[in-house]
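The structure appears below as structure tokens.
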Amino acid sequence: MKYSYYPGCTLKTKAKELNNYAIRSAAALGIEMEEVENWQCCGGVYTASTDEIATKLSSVRALAQARDKGQDLLTLCSACHNVIKRTNNEILNNEDFSMKVNNYMGSDMQYHGETKVVHYLEMLRDVVGFDTLKSKVVNPLKNKKIAAYYGCLLLRPGEVMAMDDPENPQIMEDFIKAIGATPVIFAQRNECCGGYQTLNDKSIAQSRSEKVVSSAVKQGADCIITACPLCRYNLEANAVTELPVIYFTELLAQALGVKEVQ
Amino acid sequence: MQVEEKKEFTPLIVAFCCNWCSYAGADLAGSNRLNYPANVKIIRVPCSCRVNPLFILRAFQRGADGVIMCGCHPGDCHYTTGNYYARRRMTTLFSMLDYLGIEKERTRVEWVSAAEGVKFAATMKDFAETIQKLGENRKLRDLRCEK
Amino acid sequence: MREIRELLVNKIKELLDNGTVDRVIGWKAGEFCYDVTPAIFTKDDSFDDFLFNGFCGANQSKYLIEETKAPGRDEPEKGKILVLLKPCDSYSFNQLIKEHRIDREKVYALGVPSKGMLDVNKLRNMGINGILGIEEDGDMVKVKTLYGDKEVARKDLILDRCRCCKGSKHVAYDELLIPEAEEWEKDTTDRFAEVEKLEQMSAEERFDFWRSQLSKCIRCNACRNVCPACSCRTCVFDNANSGVAAKVNADDFEENMFHIIRAWHVAGRCTDCGECSRVCPQNIPLHLLNRKFIKDMNELYGDFQAGDDTETKGPLTAFTKTDAEPSIVYSRGGDK
Amino acid sequence: MLNTKISKEDLERISGVNTRKCMKCGKCSATCPNFDAMDYHPHQFIDMVDKGNIAPLLESKAIWTCLSCMACLQRCPRSVEPAKLIEAVRLAVVRQQGENRLAAEDIPELLDEDLPQQAIVSAFRKYKK
Amino acid sequence: MQRIGVFVCWCGTNIAATVDVAKVAETLKSEPGVVFATDYQYMCSASGQEIIKNAIKEHNLTGVVICSCSPRMHEATFRKTVQAAGINPYMLEIANIREQCSWIHKDKEEATEKAIILGRAAIAKVHLNAPLTSMESPVVKRALVIGGGIAGIQTALDIADAGFEVDIVEKQPTIGGKMAQLDKTFPTLDCAACILTPKMVDAGSNDKVNLYTYCEVDKVEGFVGNFKVTIKQKPRYVDATKCTGCGECTTKCPSRKNPNEFNMGFDNRGAVYIPFAQAVPKVATIDPDDCIYMKTGKCGLCAKVCTAGAINYEQKEEFITKEYGAIVVATGYNQIKPTEFEEYGYNNYKDVVTSLEFERLMNAAGPTGGHLLRPSNGKEPKKIVFVQCVGSRGQSCRDKSYCSKICCMYTAKHAMLVKDHYPDVDVTVFYIDVRTPGKNFDEFYRRAVEEFGVHYIKGMVGKVEEEDGVLKVQASDLLANAQIHMDADMVVLAAAIEPDKSARPLATMLTASMDTNDFFTEAHAKLRPVESPTAGIFLSGTCQGPKDIPETVSQASACAAKVIGLLAKDHLLCNPCVAHSNETLCNGCSTCANVCPYGAITYEDRLVMDKGVRETRRIAVVNEAVCQGCGACTVTCPSGAMDLKGFANRQIMAEVDAICR
């Protein structure tokens, strides 16, 4: 199975591990990730207004490229996934938006929502399968209690993202079980970390992050996993309570025995 | 004094509605004062399976611009199976009309339950708009009926 | 051909003599040698003018409706009638039995072989006119004309409808003239190729095509009269109370209407015998209307061949709960 | 100067939100994880826009402190989606001349070593035309 | 040529405000065959009907067209009117100029023009109408009630009281339904069991009432007055005629880890069980999925201890076919499991419960013996939060669009009961609106607030999380414009109620219509609330819409009254608008019989005179008592021999022509 892969800006800089471990693990699972050529930044957040076109074009270009290759578009960063999936959804369901977008696009790059956007976790669940994943684990992470932190972008809006139940998600917990660890469910797992407020009003990011981390600690977690670099930053830098925050791909690579480059 | 305006084309639309669901749905649209174009005229039939292709052709012959048939949702027919037969009949008939080059958009089937007043009005509005865009039906009409 | 005729006449005489049947519906020459007409022969008739050749295309099952009906008052009960069914005719025969139009008890069906029927128009199209006589000889056909003798390959004269032959198997018979008749080598075409070609056209082109064809209709009713499915005692177009009665096509609409309704009324019952197009004096490809219905029904509701047996319900008198919605028409076919 | 002549229709068009669908249950504000940092709360945005009382919202702190986390949008029983309306009010402000909340020159001061690019990109998208 | 009278109704201003009724009457007067036309304020009134009758006599009318409201409203009324004046009731046509004209159009000119066209179509049709006479069909004097909750029981008892036999089909092993699970009932706080169980006993002992418990409806055939229903008896693996209900088997059964449905899974029952002490019939049932013997072939303890020899592991399902004149649907409701509303924590926290679960926790016969204890730790709660409207009144995909109606009142009841039993417990109710329209309902709610000190806060709960065994509730207080955080030991969710899942397939079997929420549709929202539009099908209780107990019981009795009215008749007039085959046109091809859903068409050899010839032909014959008049046969008939009375080919074509003129 071969995917077009959209890494996004952070995964090429501050969050290289998230990216590298993902690619290495995928290879171990027989999945090829072919980076979209000349991808442009997704913009970080999806602007939920009906009249913003230009800010969504970078997503459309990536989607069109994947379509031309006949591949699904794989994402990893929660923010990129949110932006691209919602843009794709808007093109599919909003004729007016689709028309305006295509007016901006070249005549050789008309796009009408043909591509399927797949998050790395969905790929693990639906294509690889958690049972298969489990069978390929060489270093099961036994005795580790892991809190899965979804944040807001991976699941919402639930009807568009359609990854899992937005209030009672299972996918990351199932992932944790597959790599041999024990999931810890905590109430703040789908509440915001404070996001970009760290640049506007740090106190907000601090109080949000503290709430999330302390909630996980109270449920007895050894660490938190996430798919989002900004979540990781906030939970590490802005929470008072300290708890290791790790990208889920790092644990995946560890479990599959491909963490260290051979 | 009024200047006589060029008369705009208003399509003539015949709607066959089954008595139990769609006609009741139309009544509900009425009770709820849900507006839809006045050029939609409803003919009551006991069941969608009572609608003979002859009636549809006849309507076109006499100058109808669009014909829509409404019945209970499949599975909910008052007579258990009527709309299943109607569904096959209309599918094949519409396909034949299309094969003869008659615009397929001029015929339609919608399932509207007795509780779906809103859907009834919306459906009629949408169908009337579609026919308005298509313009006058010239292909399947008895030209002698023209005034 | 001659040998088969010999065999056939002997078989007929045998069945007449031993009392299995008291009459046979066969063919004899009409005004021209290629203009063969159905005729009834009894034990007392001479079989000298009994014909059996490549022009005996007419599907005779329809005559059985009249021949096997209950006798009127004061009429004597008739004996069995012998009918000669080509493989394709046997489908219509079955369909009429399914519809209770033929009394099976009163028929003895003899399956006769067919290697494709001939089309005199094809001779004419080759520039062969003034035809006096035609003789089939194996793979060749010898034609006597006012202008001398000609020889033509038989396969070049095969009726179009026979080129998508359903095969040499009879689906209904009491006896086969040649039990192990071999499949003839046919130059086959896809039955639905022409329909598909039309479907690929734009709506405007299709409209023009059918207008140009149907406007030729002179309402001679030949298609209706020959069609084994069009066998209503009184046709809706002849019934003053039906609301659609019309003896002639007064305008474009009625030309369309007559043929749409005719195709509609036989949909699911038409065996695709092709007689409608064969007999049309205006050469309107009427079978393309019937085949469109057949193609649609096969695609949407599963393959169905009318007359395959005498029980299965036709696609328009059956349903499944998950049938396609009529809106499928908007996305099917050409002209999207 | 901030143009405060933004109409209810403008905001409804930008956001696609129909304020009349609201049944005033307050679930948006009940579920908001950043309630205390907002001077106007999600239910007030719906209510005030519905009544055309928009000027205070344009000058509010809430449009900058809303996390855009979509908790209110996700949990609204009537699918009113307050988050989209708050976004629209913010856009109505940042699209005006000189109303950027964040400028490129502010960034170096805010940077720390671990701050992901994503944070800067998002903040620009939220706070700058 | 018919002599037609046209009567245009104003319907007060309902029609007259948007349709120029005088102009309609005037214009239609010049239609061929129309000899009289008039308009009047209310045609359906006594004086309006008098106008019609007089005109029929005075002008020797042979046909009548009334331009008024929908024929679904007053067709029957006007048929009686014209019949009283001496013409056949089927010589009447109604042009619907209210629901399908005046109410939906604003422009008077446009509406008037449409009304005239609709009138013309009706006139064109009446020209081709023929007098029709209804056939009679006998009525089977027995009713079937589907569902044995309070609604079904009440309806059955009332029907039995009138002297008719009635059968109740209940899918559970006992009758009683949801009410049997309740603790107290509002607004009087009397005990549900105390008022329900006598009725259950009545139903069990009344010799006119037959109980088919642990049964399901498998198949329904026939029509009003003559239904034929196949009932599936699921195997209990206990011979109900031998079982004495002693309960010995239920206490000895070694399979004990099966969640007890009656107690909402708060405790366990044996594989062989009697749902509750007052069950009717009091007969044990073995759940084959839980039974060790059924699964492994080893055990058989219950059979050993049963002195009556009632255990029968070999029991098979059985089918019973019976005839009924009327069918009552009383399939009731279920409370949704709020699993999709995890912001309230129902999946992950034991102390977050639904209100029906809370009923069991309060019930003296419940798992805690009536002591309210936290499911997590078995300790008494000190603070309880109630959340209203969970899953009701919403528009998103997880919500029901309707108000579940009973929650406001039972929550007030719960709050009051808690305060009554445990005055120190702090009770808070979060609400959007408190809806109390019922006799003594608002007073009841006010007592909860004023006498019992229940805190009512306007606003919704947004998030519940558990921390150190305490539920942290985050909610809105809209009047204070604040987000509040409070601790609670239990959170009770007033989750929406929805129709029972068995209702949808049943509706299909009954050909009774349903709305998009799967509630049964009534024949008329105001005037025929307990009847389905399908003749002979009646609606009792919450299968038709959310209802509390007083309302359910009154509807159940109303429903019984309608059933009794039907069963009291010896014969029913059939719909005369049935199919008819023209024998000279019929080919006898059997195509029509292929599509007839009722098997109403048979074939006969008949002597037919056609075109001067007399001959024997195979002809389709319609059984007019069986035909329901759908018309499927008419379209499938190629020769047009099959036609439908009242909706004949020519009549419909005449309407088409009139509309397209």
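Each chain gets a letter, A, B, C, D and E, in the order it is written, and its residues are counted from 1.
Keep this in mind: a contact is a pair of C-beta atoms (placed from the backbone, for glycine too) under 8 Å apart; a residue touches a chain by one contact, two chains touch by 3 or more.
None of the values given here were measured: they were computed from a predicted structure.
Annotation of chain A and chain E: jointly contacted by D, touch as defined at the top. The chains that touch both chain B and chain D are E. The greatest centre-to-centre distance from chain C, using averaged C-alpha positions, is reached by D.
A count of contacting C-beta pairs for A-D and for D-E identifies A-D as the more extensively joined pair. Look at where the CA atoms of chain D average out and do the same for chain E: the two points lie 46 Å apart. With centres defined as mean CA coordinates, chain C is found 67 Å away from chain A.
Centre-to-centre separation of chain B and chain E, using mean CA positions: 30 Å. Rounded to whole angstrom units, the spacing between the C-alpha centres of chain C and chain E is 55.
Multi-chain contact residues of chain E (touching two or more other chains): 343, 463, 595, 636, 649, 653. Chain D has residues 71, 75 in contact with two or more other chains.
The multi-chain contact residues of chain C, meaning those touching 2 or more other chains, are 236, 243, 316-317. Contacts between chains, counted with the stated touch criterion, involve the pairs A-D, A-E, B-C, B-E, C-E, D-E. Those residues of chain D lying in contact with chain E across their complex are 21, 23-32, 35-36, 41, 43-44, 71, 75-79.
Those residues of chain E that touch chain C in the complex are listed here as 584-591, 594-595, 603, 605, 610, 613-618, 636, 638-640, 649-650, 653. Put simply, chain C touches chain E in their complex at residues 69-73, 98-101, 231-236, 239, 241-243, 265-266, 269, 313-314, 316-318.
Interface residues of chain A, counted against chain D in their complex, comprise 8-10, 13-15, 41, 43-45, 47-52, 55, 77, 79, 152, 155-158, 166-167, 191-192, 194-201, 203-204, 208, 211, 228-230, 232-233, 236-237. Interface of chain A with chain E (complex): residues 159, 165, 167-168, 185-188, 191, 215, 218.
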